[in-house]
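Below is the structure I would like to discuss, written out as structure tokens.
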Amino acid sequence: MEIDPFIFRLSIFILSIFVGYYVVWSVTPSLHTPLMSVTNAISSVIIVGAIIAALAGSSIEVFEISNIFGFLAIILAAVNIFGGFLVTQRMLQMYKKKKK
Amino acid sequence: MTANLSALFYLISGILFILALRGLSSPETSRQGNYFGIAGMTIAIIVTFLSVGNFGTGLIYVLIFLIIGGSIGAFIAFRIPMTAMPELVAGFHSLVGLAAVFVAISAFLKPEAFNLGTIGDIKLASLIEMSLGAAIGAITFSGSIIAFLKLRGIMSGSPITFKGQHFINLILGLAIFALIYYLCTTQSDNIFWSIVLISFLLGVLLIIPIGGADMPVVISMLNSYSGWAAAGIGFTLENTALIITGALVGSSGAILSYIMCKGMNRSFFNVILGGWGATDQSSSSQSKEQKPVKNGNADDAAFLMKNASSVIIVPGYGMAVAQAQHALREMVDALKKNGVKVSYAIHPVAGRMPGHMNVLLAEANVPYDEVFELEEINNDFANCDVAYVIGANDVTNPVAKSDPQSPIYGMPVLDVEKSKSVLFVKRSLSPGYAGIDNDLFYRDNTLMLFADAKKMTEEIVKSL
Amino acid sequence: MIIGSISENVKYEKRVAITPDVVKKYKSLGLEVNLTKNYALHLGINDNKYQEVGANILSHEDVLLNSDVILQMNIPDEETLNKLRANQILIGVLNPYSNEKKIKNLISKKITCFSLELLPRITRAQSMDILSSQANLAGYKAVIDSFAYFQKAIPMMMTAAGTISAAKVLVVGAGVAGLQAIATAKRMGAIVFATDVRLASKEQVESLGGKFLVVEGSENLETESGYAKETSEDFKKKQEELLKETLRKIDIVICTALIPGKKAPIIVKKDMIEVMPSGSVIYDLAASQGGNSELTKVDEIIEANGVRIMGETNILNKLPVSASNLYAKNMFNFINNLFNKEKKTFEINLEDEIIEKTMVK
Amino acid sequence: MIIGSISENVKYEKRVAITPDVVKKYKSLGLEVNLTKNYALHLGINDNKYQEVGANILSHEDVLLNSDVILQMNIPDEETLNKLRANQILIGVLNPYSNEKKIKNLISKKITCFSLELLPRITRAQSMDILSSQANLAGYKAVIDSFAYFQKAIPMMMTAAGTISAAKVLVVGAGVAGLQAIATAKRMGAIVFATDVRLASKEQVESLGGKFLVVEGSENLETESGYAKETSEDFKKKQEELLKETLRKIDIVICTALIPGKKAPIIVKKDMIEVMPSGSVIYDLAASQGGNSELTKVDEIIEANGVRIMGETNILNKLPVSASNLYAKNMFNFINNLFNKEKKTFEINLEDEIIEKTMVK
Amino acid sequence: MTANLSALFYLISGILFILALRGLSSPETSRQGNYFGIAGMTIAIIVTFLSVGNFGTGLIYVLIFLIIGGSIGAFIAFRIPMTAMPELVAGFHSLVGLAAVFVAISAFLKPEAFNLGTIGDIKLASLIEMSLGAAIGAITFSGSIIAFLKLRGIMSGSPITFKGQHFINLILGLAIFALIYYLCTTQSDNIFWSIVLISFLLGVLLIIPIGGADMPVVISMLNSYSGWAAAGIGFTLENTALIITGALVGSSGAILSYIMCKGMNRSFFNVILGGWGATDQSSSSQSKEQKPVKNGNADDAAFLMKNASSVIIVPGYGMAVAQAQHALREMVDALKKNGVKVSYAIHPVAGRMPGHMNVLLAEANVPYDEVFELEEINNDFANCDVAYVIGANDVTNPVAKSDPQSPIYGMPVLDVEKSKSVLFVKRSLSPGYAGIDNDLFYRDNTLMLFADAKKMTEEIVKSL
Amino acid sequence: MEIDPFIFRLSIFILSIFVGYYVVWSVTPSLHTPLMSVTNAISSVIIVGAIIAALAGSSIEVFEISNIFGFLAIILAAVNIFGGFLVTQRMLQMYKKKKK
């Protein structure tokens, strides 16, 4: 009587959609731009997949074609992670400063 | 690292991402939110390393690439001027999209590494998931590139439309689904590549008909796409962090673009379906409103003014028509409570009778020592953060200073454009008494607040 | 029972004690109303307006003879008073201090006299309080008249031909008249300052949008009954300094400060008037009790140093319709209290504070 | 270059064309200012106030002789005009229609005449627009005066002695004067109605809190230049019916409806005045052009049916200080436009709409 | 029915419950929300039947019991007067709590039926989950009973406090945890029963020190408890529907009680920890305010007025002092937009000068035809839903009608007490000009809104 | 490398908490009372457990002690379900009616 993990994942997926829905409504409109940049940064969690792809297979032939795609993906995602979070930080700093 | 433990950590990182977004519900907690996001990302990366458990040369390469990418990202983040924010975000999106495509390709090329079966015999569900991920990723990539080019000004911001556009998009969309179906039955390489290619094309076609003014909505929508792509890959890789985050980003991006459309009083579907209604619109109003205006809402206005150190109010006939003087007084009271210095600038011919504004401001008990005439206050605009122009128009029109042909040439005007930002509260772009267009509406430091002056002011009071 | 009223000397008094509206009310109490001919013609009210609602128009003598109660504004002349008979009741603003002789005569003739300005300031008496009702209108009218008289526009107007700045008005004494003056001036868009000795008046002035001139170390000079006491020397000096400073920029002064039964305090001194801008106006409602300004001459317009000082005693002659309406209602409320509805007679119940205090003994 | 102004006939005109404030401005343009003795003494402004800011006080003859430009309120008398010489400029409210002969003479003597009431109503001319600046004050003053004259209090007052209901004011014609009248009456707490033929005026009236009497099927009768046209017969009839109904409850009427260059339209007819409540006041600012009320007599107070009708021609004589201030600024702005700052001369540039339209030919 | 299918359906029912709560975000969608809830519940029940798959006599019994319970519930729901709502909810909670206890007991007695192992050898995780479920359920049960009794008036609403109360609660709480620990090691029946018993006791002790006024918060808190109990059981039974719903109810209840505390300006912890601060309070202010007054906030006032069909405004001197006329006008505008009929009742001596109120109302542009004098409007109070008394006092004091000794005897007063509810906006209970106490403050249909008149009115505008 | 379903359940649990948190903030304060009653009704989903308890074990001896507890729980929960939803319905109807 084991339940297929897919069902669980689906539950998680759907509940996350709800959370995303609500979380955004509660964001103050003045922070919509940082919101975009932070969600952008977060979406680069795809790097998880990239790392798996890069390291997939035997550790000897690192540069199989699939791994190369993985490495490329890592670079792209990394640009995004660092860039995204840092830019958000800069933006938020700006908001902070304006406050007395 | 056991699968359970890493699943637990992925869960934690997903929760940290939720908290990151939650932080943005107020400016005070927003930076803390960002830290949560960073922590979540760090955990996700480390856990992935540990769970792959492959500590050979590969790891070193990964680290190197991570650092290369990171440095580029950091460099861009520090260098980019704040005004280039929207295009930056668009650019970053394209990267996420491309990364998703690459991961999907990688999984397709080497399914064993991901436990998805073997080449030519990939699990059905995984195949669907990965090809969906790749398609959405590709659309995100090419769409973001277009958005980036438009925002950067490399490509014209005006919508590019042609006949049958929507029909072609539809065909391409259906083609993708058909190809996915064939892919599932044939597991053929070529089909997979075609899916990716068609998706790239679709991304371009989807975004080009959208005008520059709607780009923020588009960016947020692309953001949402990138989320769904990540979630798709997450299902493929059976990775909770990806699923949670993908769904989170996907739904929040979609809602955000919806909220933004509502704020700009635009139909969500028109925007997303790529200038669906653009043709209808252009006939009626576009002809006149060639130039783009920045369009804000009460929250934006409240935020700007709350954080200003000085605000000058410029009332005009529209304030009188809307009978907004009481609401205005209330707004000013709220601002003063926030420590903002507020004064009123009265143009000698504002309104429709001499002293029109004075009568109304006195009715609302505005203290006389906050009310200044043009000559007294005109120099102060240069040092003021926000000019709040409420139902005035002609009296701010700089054309009076520059164009001898203009019917109002020679009339002294209030130099509102010299203040850091100008908020214009009026119901539309229509002109004032003199019947001439006001160039200020299209300036960069102008935010138009289209609404009845009283309603808008009341809403601002609420947001303060 | 019958109540009556005879025409006032229209030259000096345009208000009347009975209006058609209250005639109806008297009738509904079961009282007859007798009036003399052309009683309120000067207010545009024909005798038939009175007759329509049931009043009788009689000759001067008949009214005096047949009425149980005589309602007036002011005390009538000797001749008229001589025609009154014992057990009649005379009600009005009799000013027992200045009319001592007349009153003595009346009392000796067993004529009961009630003087309404003696009304105690208790809550229940508010509806009969002629001082309040008349002072209220006086405060309003003083402002309207001085605005009409002033050679500049009052409200701020920023126009293409330059700015007219808002006039500055100072109200001296924030009692009933003063408060209404503040309200009226504020409405017109003037910047209004006010000064008073009672501490509570600060809040009251501010509740109408006026600015209160706070004399440092001010003591509360309100008596139990709600009137002002005389002020201490020190206070007076500080008040003077503050006033002089303020008056330099004041366009219009409305004086309303009174101390009941005494000469009005002199608040706006000569030297203060000298510093006022030329063209300013002082309207002294306290003129009848000597005036709050040192230069006030009763019922004259003085010009000193370009400042015009108007000392009106009976400003309400210029607002006679409204003033009569309120006065007549006050009167009615007083009668209503005096009249015993069961026995259908007037009853001098000295237990009743209102009756006791207003009766002239 | 020198500008000059001689005293007006103070009996009929209390306003002046040059105030100390604008003398300063003329000086800063590099112009000399000549005035006659006691130029504005009747406004409380001594000659030294003028001298302090740099004006010269000369004799009547000297002023006329030495000035390049003569600034006046009204056109001077024959005698004075005869003293003018060629190439002088005369600016004022010259009323070329009624002063045809005088003007012809002047022109034949090569004296350039500008009459400011001819100013085109363009945006740039607003700062010189004497009609606006004076009409504005007239609208204000008409209300203040009629309130002072009215025998009741204007604002609603619910008091212990009964309620005074708010006065109802009707403003006929919602031009500049009318709008200011509406604003002023509204401030005092009156209930204000207004009527006009221009459609745009509805919104304008409402923007000041007034109620617009909408005549059904009203057409827009505004001309290109912002003035009113004459109305059609049908419209007139409907307007009359509506007005008559409204006037039954109106306490004060302020008339301001004008059609430039024509007799003022008669709007308040005799039969309408008959239905008005007794004690009401009609203040007719259109009197100088015949009046909006049928019974208006210029500069007289008529009483008809208990309604008082005041037909003032020069109401601003009662507000001379503010009126002069604005008029003098208008004048200055006109001169400023006329004066060529580089060449330091007056230049009659007929390309300039303002100069072209105001010059009397 | 396969496990997968039923898990899917449980997920759907969980989502339907989420949608049910979401529906309440606006009155328009609220009823639809309720239908979602009903649908979710129906699905959950049917799926359970199908997955148990035991269609014997048992099923019939279940149906019978279901119908019995349902009829009782429906009967109560139709019969109960609306005013008894709070106690009804409390009563219902106790049932949920008890049901959770029963399910836990049943699972403990027959673990095999639930796949939790066998008697004496129950899985550790399940044991913890079920005993936590049972404990929380028991606390919910007995706590709700107390809340019910207090609200019903059977038990005194005033807090019952004694020394060492919090200490005892702490001990009991710790005891429960200790016992759970022992239960896990010994699997002994007795320990399980003790846990249940102690929890019952703790529930009672937790609620008795909380005053009647705080009961709504308590109910919501108990609601939250019942959610957690359900979630605990859900883990035990590995049932997604229970987990989702339990967590949903648990967290929403907790947040709701927090929101309510904030709304009432009370410390959350004081309330939840059972009159923690109750003793401090009584000493300071209680001495003067002998009689109890009902104390409301802007939300209450807004709710009352929004749902009224007619409101009469009674302004007094306090409105003038606070210069609240503009805010008042705005509030009235908002009410009128809601279709409420509003008029102003002006007492002849309201304020400090004749016509004081008229000046201010005219300034705020209140139309004259909405302003009535005492005689005109006094009869209307009897037919009006809400009298909004703003800064007036003496002019409403009924003592003027009844007590010849009173200094204001004989003055006509506004009969505000005849309206269904009276809202008094003033800063304190202090008297007005006449210096006498106003009996109305203590009436049942009076709600005091203690605040500056302007601030309170502005807040009400915000809540409308 | 199968993941323990407990982890999934935990994820679901935690995500549901977030959803609950957000859902309540978005409820208008005037609907707090119906909110309480509807959450109350929903919390009687415990009936799922009750049914399982009632029907647990062999279908013959229905009235084992544990089943009895199950049946009792069913009654209690059923009261709650019907009572809760119906009362909410009544309340909401009231809101509806008052609105014009």
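Per-chain residue numbering starts at 1, and chain names A, B, C, D, E and F are given in the order in which the chains are listed.
Rule of thumb we're sticking to: contacts are C-beta pairs under 8 Å (C-beta built on N, C-alpha and C of every residue); 3 or more make two chains touch, one makes a residue touch a chain.
Because the structure is predicted, anything quoted here is derived from the model rather than measured.
K.L.:
Strictly by the touch rule at the top, which chains does chain E share as contacts with chain F?
P.N.:
Touching chain E and chain F alike, sorted by label: A, B.
K.L.:
For the pairs A-E and B-C, output the one whose chains share more C-beta pairs in contact.
P.N.:
B-C
K.L.:
Let me spell it out: compute each chain's centre from its C-alpha atoms, then which one is farthest from chain F's centre?
P.N.:
The most remote chain is D.
K.L.:
So, comparing C-alpha centroids, which chain is the farthest one from chain A?
P.N.:
With centres defined by C-alpha atoms, farthest from chain A sits C.
K.L.:
Measuring centre to centre with CA averages, how many angstrom lie between chain A and chain B?
P.N.:
That pair's centroid distance is 18 Å.
K.L.:
Find the geometric centre of each of chain D and chain E from their Cα atoms only, then give the gap between the two centres in Å, rounded to an integer.
P.N.:
67
K.L.:
Centroid of chain C to centroid of chain D, CA atoms only: how many Å?
P.N.:
Computed from C-alpha means, the inter-chain centre distance equals 38 Å.
K.L.:
State, to the nearest whole Å, the distance from the C-alpha centre of chain C to the C-alpha centre of chain E.
P.N.:
57
K.L.:
Two-or-more-chain contact residues of chain C, please, as numbers and ranges.
P.N.:
In chain C, residues 126-127, 132-133, 136, 155, 157, 159-162, 164, 187, 189, 209 touch at least two other chains, as defined above.
K.L.:
Two or more other chains touching the same residue: where does that happen in chain B?
P.N.:
Residues 14, 18, 240, 244, 323, 348-349, 354-355, 359, 362-363, 365.
K.L.:
Where in chain F do residues touch two or more of the other chains?
P.N.:
Where chain F meets two or more other chains at a single residue, that happens at 2-3, 5, 8-9, 11-12, 14-16, 18-19, 23, 25-26.
K.L.:
Which of the chains are touching one another, listed as pairs?
P.N.:
A-B, A-E, A-F, B-C, B-D, B-E, B-F, C-D, C-E, D-E, E-F
K.L.:
Help me check something: in the complex, which residues belonging to chain C touch chain B?
P.N.:
155-166, 189, 191, 209
K.L.:
Could you please specify the touching residues of chain A with respect to chain F in the complex?
P.N.:
Its residues touching chain F are 2-3, 5, 8-9, 11-12, 15-16, 18-19, 22-23, 25-26.
K.L.:
Considering only the defined contacts, which chain E positions touch chain C in the complex?
P.N.:
For chain E paired with chain C, touching residues are 317, 320-321, 323, 348-349, 351-356, 359-360, 362-363, 394, 400, 407-411, 434.
K.L.:
What part of chain B is in contact with chain F in the complex they form?
P.N.:
By the definition above, chain B touches chain F via 3-4, 7-8, 11, 14-15, 18, 115, 240, 244.
K.L.:
Can you tell me which positions in chain C touch chain D when the two form their complex?
P.N.:
Contacts found on chain C: 43-44, 126-127, 129-130, 132-133, 136-137, 140-141, 144-145, 147-148, 151-155, 157, 159-162, 164, 184, 187-189, 278-279, 306, 318-322, 325-327, 329-330, 333.
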